[in-house]
C-alpha cells in the first residue's frame, strides 16, 4: 500500500473519481493553473483539461450556486473553498438552496464542498475557522471531517458518490504533517465513527485535527486505558458508536477545535447526557476553543486553540473524579 | 417587434423607471410573428394565460376561505411574461420559475389539478405539502422549484447552462427575476459568471415596478437592463404585457444561446396589478399607475388580436373555466400528507435523478 | 402600566430610543412606507422621516454592511430582516465583519439586527427558521430572544444601547398572540435568565416562543412543581441561573424550536452535563425540531415543531424516571 | 491628467483588460497639477511610496527569516495607488484600506514602527497580535481595518458615507478593491446602494491584472469600470502607476462627493509585480507583462519628475532608509502579547468609540 500525505490522499481521491466518472469535475478559485492555494488540485488541469478543472471568478455564492445547477442536470461538481472561512460568503446557497432541495421537491443535489479548515499556523481570525457546526445545524447537508490519509481519500470518494450535498472538512494542519498507508484504487469509507485507539477507563470523542492531539495527550496517562473515538462523520453522527463508547468507558471528554458554543462537541455531549446518562461515571468534560476569534500571534493562538496539554490536564482531572 | 436595444430602451424614459415603463408599454402592440407562430400557437398562449389567471383567482378565493394555508402570491396582469418566455423553450431546456410565473409551470406540463393541491398543502407530486404556494417546480418536467431567497435561482440556472456548455449540448437554461432581486449580490455573481463564460442562459427581468412596497427608484438609479452591456451580453426591453413580443425576444435569445452567442437579459416591463401577496392592499401604489396598466391587460390584448383573425375566444374562455372547475374538484380529493411522513426525505437515499424534459408547446418544436 | 402586544412593545422600544437618541435609526426592506412586513415599524416614518426610517434596496448583505459602516462613525442602526431566514444572505457581514471587529482592532460595532423568527403558521421552509444557533456560534455577536412583551421592549432597548452587535430574535408567533403590561418610558432588561414559574421537582429550560408552550405543558402535571426558566439571552448565556435551577430541581428538560443538532439547547445541555452533573437526578432530556426543514402543510408542520403535548410527554416520562 | 471617461477607457483596449492596461499605462506621464500640488506635497508623496516599499521589502526579509508569522502580502509596484488616493482625503474623511495599500496607512499617520510590530505579531496599538499582516487599520486615524473576505469593506465604506449624508456632513468615505473582488456580490450591493442613494463614497478599483493566479479575463468579460454607468455614477480609468494622476482623480471625485454629486469609481490600472503572497513565485504571469511594467515603476516615475524640478531625491531615499532602520529596531523591542490576554476584548465593555480623524497631508487641507 503506497504511503502518502493527507493532502496527497485527497488529490488521489479526486483523480480516481475524475478518471472513473466523467460527470465529476472540480471548480474553485486558483485551482487549475495554480493547483489550488494548498496545491491539492495540482496536476489535475494537465490530465483533465480546463472544463473539468475550472478556475472560477472570485465568487463563493456563485461557486456553490452554479455547482447546484450543474448537479441537478447530471454533473458531479466538487467545489473548493480557498479557505473554509469563506463558506460564510455562500452560506445562503448552501443552507437554503442545496440543503433543503431534496426534502422540498425530491430533487437530489450531489455536490461536494471541500473546506480547508482549522488553525495552528498564525492564519489569524479569517484563515483558521472551523465552520462545521454552522453546517451541522442546516438540515440536508452531510458533514464529514477525516483525520487520516486513508479516511481522507475514502470519505472524499464516498462524498462524491453520495447523492446529497456533502461538506468535506480537510484540516490544513494535517495536509503535510500526517501521512499513512492509503489503499490504491477507489474505495469508500463509511460515514461512521472509528476507534482510533482502544481503551476502557475513559473515552475522548473528537474528529479532524484534534484526533492527533487527543492520541498524543492520552498516550501514556498514568497507565490509564483511554479510548479515542474519531467521529469521522458529523452528519450523519454515529450515535450508536458514541453510546457504546460511553457504556464501555463511563467517563467522557469531548474535544473540539471549533469555538465552544453550539459546537459539534456540544451536540455530542447533549446526546450522551440524554441517551447515555446511565453509563456516566462523571461529568462530560469539554475541551474546545473559547468563543473568541482565532488570534494571529503565536502566543495568543496557542492560548486559544486546544493544546495537547489542555486535553491531558482535563483527562487527568476526570480520571481522578 | 417591440424589442428595443438597451440604448433605445434607455431612451424610452431614461433613468426614471416608471416613465420608462409607461413609455415602452405605450408602444403599439406588435403584429404577430405570423410566419413563426401558428394560430394554434397563439391560441395556446392565450389559453395558458387564461388558465394562470383562472387558477390564481380561484386560489385567492380559497385562501380567503382558509383553504390555502400560509400566504398567497399571484401574477395578475403579468401572465404574458411567463407564458411568452416559457413557450419559446424546448423540452430539453431547463427552467427556474419564479413566483409570478404560473403560466410557465402550465406550459411545461404541470396540471392545474396538482397546482390547486399544492396551494392547499395536499399531496400533489410537486412538494406534497413540504413547501407551499409558488415554491414548487416539477423536476420531471425540467424545472427547479424556487427558494424564497431572491434571486438565488439565477445561479442555479447559470450552473445548468455551464453543464450544457461543458457537455457540448445545444440546450439553454432560463430563469426569471424581479426588479427588487436585481439589488442582491447573487444577481451580479450570476450575470458576471454567465458573461465571462458566455453561457447559454436567459435572464427574464420581470420589471413590475415594485418589490413588495418598494418602488424601483429606491432599488436602483439606472434601469438594470442597462447593466447587461457591462457584463458583455445584450440586454433588451420588451413590453411585458405583450405575450408574443416576449415569445419572440426569448426565441431570439435562445437561438443566440444555443449557437454559442452567450446570455441575454430580457427586461419585460409590466405592472404588478395585485398586492405583493393576498394580505397587501397596495395602498402605496398611485392609482394612475394602476389605471394606466389596467387598460393594457395582457390577456385582453392577445384576445383582441385573435378575435381579429377569427378565433372564438369565448369558447376558449369557457373551456378553461370548465377545465378548472373539474381540476379544483379533483384537487380537493387529494389527501393531506400523513403527519408520520414529516421527517422523510431530508436526504436522498437512492440514486440522484437529474431533471427530466418538459413539453415543447411551440409548433416549432413539434 | 399600559397593556400591549409583544409587537407593540417592540415598536414602543424603537420609538422611545429614536426619541431619546438621534443617533438611532431603523433600516430595512419595506419598513418605512409600508411599516414592515409585520407592521412593527408602522408610524415611525411619519414621526421620524425617511432618513431615520429607511426603505432599503432588497440586499441583506448591504443592510448589515452599511449598518456597520454607519455604526463606526457614530450612528446606532437598527436593521430589520424581513424574515430571520434571510440572515443567511448577510451571514458573512455579520460573523466576519461585525462579530470580529472589536476583538481584532478595538473598534465597537453598535448595531442591532431584528430577526422575526419561528414557525407555526405554515410559513414553510423559508419563513419559519430559528437561526439563533448559527449566531451563537459566531464569537462577538450577542443574541437575545424575549418571550414577553415587557422583555421585548426592555431587551430591545438594552440591545440598542449595547456597544456590540446584537441579534434580536422576535418570534413571529408571539407578535399578536402575546400581550402584557409594559412599563412606559425607557428601561433596560438585563441579558440574564428569568424564572417564568417557580418549581423544584423539575426545570424546563427554554426561551422565545417555546416559553409559552413550556408553561402550558407543565401547568398541571400530576401536581408536580415544575420550574420554567426563560433564558431571555443566549449570548451571554446565564450559566449561573441554569446551574442554580439544576441544583434546586435535579431534573432537566431543554426545549428548542430550532433544529436539534448544535442548537441552543445542545449548548445548554452540554453546560449542565459538564458543570452541573452532580445535581442531576436523571438524563437531560431535549425537545426540539428534528433536523428537517419546517414543512408548509399544517399536519406536517405540527409534526415537526415541538408541541405542548410533546413537552408534557417528555416531562411526564422524566418525572417518572 | 491621464483621466479618461469610461467611454474612452473602454476604447483603450476595449474588452481585453491586459491590452487596456498596457494602452492606458502607455500614455505619457501627466504634467504635475502644479497649481495644486506644491513641491512639498509631491516630495511627501514620493516619501510615502518609498516608505511603503522600504517597509515591505524589510518585512519580506523578516518573513523569510521567520520573524513574521503566517503569510505576507505586499504591494510592490502599486505604491502609487494607495499613496495618491489617500493623499487627497481630508482628516475628517474615513477609509477602509486594503492589502496592497500600505502607503494609505502611512499617510493617515500610522508610524512604520507600529507596522513592523504588527507584522511580527507584537504589541502595536493596531491589532496587538490579534490579527496579522495587512489586516489592520488605526480607528483613531479614521480607518477600519479590512477583513479577509473581499470586498466586504465596500459596504462598510458605503455605510459611513450614508451616515455623513444623513447628518449633512461634508465628508467622504473611500475604499479600495481589487479586480478579483469585483466578482463578489458585495461589490454589486455596495455600488448599487451608493448609486441609488447618491452617497459621498469613492471606490478605487486597483486593477493589477490578477486575482491571486487568476487573470482578469477569467474574472469578467468587460472591464468593471464600465459598470459605473449602470449604477448611475462616473467611472474613470487612470494610470495606476502615476501617483499624481491618482491624486487628481481622487480629489476631483471627493469634491463631487462632498458637493452631493454622488459616488465615483476610479480604476487604477497597474500591475502586481510580486506574487500574491510571499510563497507565490507567480510563474503563471507572462514575462513580457512583468517586463513592460518594470519599466514603469511608480516610484522611479515620480522621482524623474522631481529630479527635473531640482528635488534631491537621493537624500529623501537616505532619510527614509535611516528612518526605517530605527523604526525596525524599535519595533523589535515591542513585547509579544501576553497569552493571558488572548480571550480579552471579544466584546466592548465600555462606551463605543467612533472613528477618529487622520492626518490631512495635502497642503490644500493644511
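Order of writing sets the labels: A, B, C and D. Residues in every chain begin at 1.
The rule is short, and it goes like this: contacts are C-beta pairs under 8 Å (C-beta built on N, C-alpha and C of every residue); 3 or more make two chains touch, one makes a residue touch a chain.
Everything numeric here is computed off the predicted structure, so don't read it as measured data.
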{"item": "Chain pair among C-D, A-B or A-D whose interface repeats that of B-C, sharing over half of the contact pairs by residue number", "value": "A-D"}
{"item": "Most distant chain from chain A, judged by the mean position of its C-alpha atoms", "value": "B"}
{"item": "Distance from chain D to chain B - Cα centre to Cα centre, in angstrom", "value": "44"}
{"item": "Separation of chain A from chain B, taking each centre as the mean of its C-alpha atoms, in whole Å", "value": "41"}
{"item": "Distance between chain centroids, defined by C-alpha means - chain A, chain C (Å)", "value": "30"}
{"item": "Multi-partner residues of chain B (at least 2 other chains)", "value": "127, 130-131, 135, 147-149, 183-186, 189, 192-193, 196, 218-220, 346"}
{"item": "Chain C residues counted as touching two or more neighbouring chains", "value": "56-57, 59, 61-62, 85, 88-89, 92, 96, 100, 103-104, 125-126, 139-140, 291-293"}
{"item": "Chain B-touching residues of chain A, taken from the complex the two chains share", "value": "25, 51-52, 56-57, 59, 61-62, 64-75, 77, 92-93, 96-97, 100-110, 139-140, 142, 163-164"}
{"item": "Chain B-touching residues of chain D, taken from the complex the two chains share", "value": "15, 182-189, 192-193, 195-196, 198, 217-222, 224, 226-227, 229-233"}
{"item": "Residues on chain B engaged by chain C in the complex (per definition of touch)", "value": "69-71, 121-122, 127, 129-133, 135, 147-150, 180-181, 183-185, 211-214, 218-220, 284, 336-343, 346"}
{"item": "Touching residues on chain C, where the partner in the complex is chain A", "value": "85, 88-89, 91-92, 95-96, 99-100, 103-104, 125-126, 133-134, 136-140, 235, 237, 254, 258-259, 261-267, 269-270, 272-275, 277-278, 280, 282-286, 291-293"}
{"item": "Residue numbers on chain B that touch chain A, as the complex places them", "value": "94, 126-127, 130-131, 135-137, 139, 144-145, 147-149, 152-164, 166, 173, 185-186, 189-190, 192-193, 196, 345-348, 350-355"}
